[in-house]
């Protein structure tokens, strides 16, 4: 049981400007569940990407089954029976489950005994068998784009099993799952271990580690902090080592003081990109001084809800009023002027013009007001001044000041820039859509503080997030969205995480 | 007259079709290919050069130069396409720009070389290699059938070659493991890579195939419409076949349908002018018909189109 | 600055490449390249025919360069706005024929310019409209329109407007032509490009427009990221339409300064290659209006100087477009080097 199957020896990996891993040594035993714990940017994913052949280490060596290996490609990693499920699934969306799984290792037959062709029947049969053996419920003939996230994850797992992987790496596998799906995922992992597989979990969720892992390595800023035996370590201790200091996981905040109704949404229905209703007759109100948080599994209409309030998509029916003014049919610009700030989910394609300089990105949604331009002529001094003020006020770091192309900035600083721009508009309503995705704990805390500060200034805050911790941390009121409808609205104190999880799955539909 | 429309329509539509299949291969693998125009021209140039060189050796009656011409057009188109592959895949250039650049380069290079080679090898200063029109075959029996029989009447041999190659290409794209991998590369190269597929290699081969097939098309035009190789071969047929594949939603059979429409619009228009007894200058009024049709079709069909997801995106392994 | 270095690199490599070809053909590359400069009026020729000297050559050079500046500005503006305007040739033809027809009725230079501006703008707008309204790929539209316009004009010229001797269209009247042809000064005879100052002003104005106005800001935002522009409350479709209209108008100016200026006639059956060469020029100029002027200068040296070079060195004049094509190829690669460094 305790023979090492994977060993990292003195691994160092540098990227331009940062050291992703520095002198990391650790060994993983055959048949264990080994967790890698650390903040975003701690170097967990980089370390595992090297095991899977996506990068090669600059220094140090990797030993697999006692033999030193140079893993130059995922292909070679697969030959070594190493499999990986990435955070973003690597699936061909218009292929069936079976086609995805066999891709690259297609079973063949000869048409007329002569022409080789892919034997899809055999593939379907093999995969049905495989999924049964490991208890992974899936229909091999379903097309990927029709499947939900949990099913897609099962396809990824089957892909590894089909390739007879022995070492299974999971990168943040539970980030997009509901609490109930997480539970069933952890059971699958247990089952895989009993089938003799070695499992490596990359995560920052302590309770999951506590639930299944045998041992846990903690990384901080690229360095190995310690390797802990999970059974004998408390989650608090793990958290302390992960961050490198004592932190509290909750943002301190005063009790909310609700004011007037700012946003009123009535029977809002919005069509999604597929032409079906993505938001179905949603009704809610947000007061001044209130953080109204919407929880839900990805793809249940959150994007369409946020976009339709901000004006990026038009609703097909229903009414939206802002401070009593009907804005149902208003354009994006009219809504900006009416007082809606919006931090969109996709900061690369939507929130910023990535190839603009930082200076040009700050007035993106206000360049036409007299402060920034007169009669169509830009006031460059105002652009510059505005940018410098925001840069200082919000502590945005960049290599080249105002002239930095935003594409070259780190994700955290890009997000800071967007939040700075939107918060600075001092609007009565501000929408945060997935504001902390992919950011490290320090940045997350900062943004949560900003959300609370906005509330305390008297803004109505609409926070839409897939991260339940974030919702529990910031919300005054929690709404749960499922399949386009709002399933439950309640004051934050009245709902537990488990309750929310059930509503997220559409169970206990009451409202 | 109907016979003429069918015969001429097919002899124009089929080369377009084989080029469109090439485009489908390239674009389904994720590489935007506006360079078909250049590929067909360069392929025809190499093919014509071989024909002109061999015709002295084999004499006028021999069929060897004809078929050798097609073989070398395939090779020529394929080799030239590797330059597009190099720019798009290796140098990660903008694929649209690279495509247009290829077309300009092909035109400049073949014009220059045709003239220089004519001067140095054949002792004349012409800007073309004269081929003459290809012979035609009428299949006995089948061609007697009323109306449909015209399909088998006065067929250029290259039309038969094209139909055979097209069948093989359909099989490769939809039935083989390579075809499956190719289509995966165009939808999600990361998943293909994760499945152990060499995305660069699959795409390079796909572009190469598009070059080879375009070579057949170019040689066909050189043997039918222009009856020689000259810079006049760059008439925008490559772009027409791209329109056909877009209209065909990146699938082979619908693309054939589009090519047939273009072919019959062209031959039908010419027949009408002929019938009305108008002077030949009026042909210029019907020549744009396929183009006008393309525009109209694109207006109606572009909204519903589903292009390959990763089309035109540079795939960089190192980037996440 | 980086872009500038890379553009220079592309030119140097292409010239070396061209030199290699010349050398392989048994010619002297240095002499050939000097001929290019001499043919462009930038170096003294050994001898001149009557009423000619280096200055008159240079004036002809400016005459040839003027439409190229407009054409490359058209490509550059479209490129900044996210469009690949490969239809400049068609827009030029449309503008050219419109101006010719109008000048036949009212011979006026001002009207010629306005007609060109308008005709080009209409074709450009059509492309922009098809793209923003129906999502039709602008590259395909442009190519289709190039052919359609070319055929229609060919028909028109051949049937109604032909000069039977030259097989070209009839010539535009001198009083409406944008080039003062055979202008006498001292003992010299030269062609003066009246539109040249206009081209320079257009480049400066376009630069100011893109960098200093909210419209330019919108065009650039839409070009770089339509989604972000939409999120910013910009009217993406209207901006796209505007960009293509303006680009078409510039192409129209290229058309009139070419067909009613540098040339006085239109050749039927031909799509002018200048529209494609302008892509090379724009790429070389980093899609920057000022850069376009310098790049036009360079490419015109090659195209204009070739006549003299090919007669002196007995080389096919096609070598000029070949070298231009090389520059284009390397420019396409260098854009990549630039991106990769980031």
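Which chain is which? They are A, B and C, in the order written, and residues in each are numbered from 1.
Everything below uses one rule, namely that contacts are C-beta pairs under 8 Å (C-beta built on N, C-alpha and C of every residue); 3 or more make two chains touch, one makes a residue touch a chain.
Note that the structure is predicted; figures quoted are calculated from it, not measured.
Enquirer: Considering only mean CA positions as chain centres, point out the chain farthest from subunit A.
Expert: C
Enquirer: Determine which two chains are connected by the greatest number of contacting C-beta pairs.
Expert: Ranked by C-beta contact count, first place goes to B-C.
Enquirer: With chain centres taken as the means of their Cα atoms, state the distance from subunit A to subunit C in Å.
Expert: Taking the mean C-alpha position of each chain, the two centres sit 49 Å apart.
Enquirer: Per the centroid of Cα atoms for each chain, what is the distance between subunit B and subunit C, given in Å?
Expert: 29
Enquirer: For subunit A and subunit B, what's the span in angstrom between their mean Cα positions?
Expert: So the centre of subunit A lies 45 Å away from the centre of subunit B.
Enquirer: Please name which positions on subunit B make contact with subunit A in the complex.
Expert: Going by the criterion above, the answer is residues 171, 175-177, 180-181, 183-184, 187-188, 190-198, 309, 317-318.
Enquirer: Residues of subunit C touching subunit B in their complex?
Expert: Result: residues 25, 84, 86, 130, 134-137, 139-141, 143-148, 151-152, 154-155, 158-159, 269, 276-277, 279-280, 283, 316, 318-319, 321-322, 324-326, 328-329, 332-333, 335-336, 339-340 of subunit C touch subunit B.
Enquirer: Residues of subunit B touching subunit C in their complex?
Expert: Checking each residue of subunit B against subunit C gives 34, 87, 91-94, 96-98, 100-101, 104-105, 107-109, 111-112, 115-116, 119, 235-236, 239, 242-243, 246, 279, 281-282, 284-285, 287-288, 291-292, 294-295, 298-300, 302-303, 305.
Enquirer: Once bound in the complex, which stretches of subunit C touch subunit A?
Expert: Where subunit C meets subunit A, its residues are 212-215, 217, 220-221, 224-225, 227-234, 342.
Enquirer: Could you please specify the touching residues of subunit A with respect to subunit C in the complex?
Expert: Those residues of subunit A that touch subunit C are 310-312, 331-333, 335-336, 342, 344, 346, 349-356, 360, 364-365, 367-368, 373, 376-378, 380, 405, 407-408.
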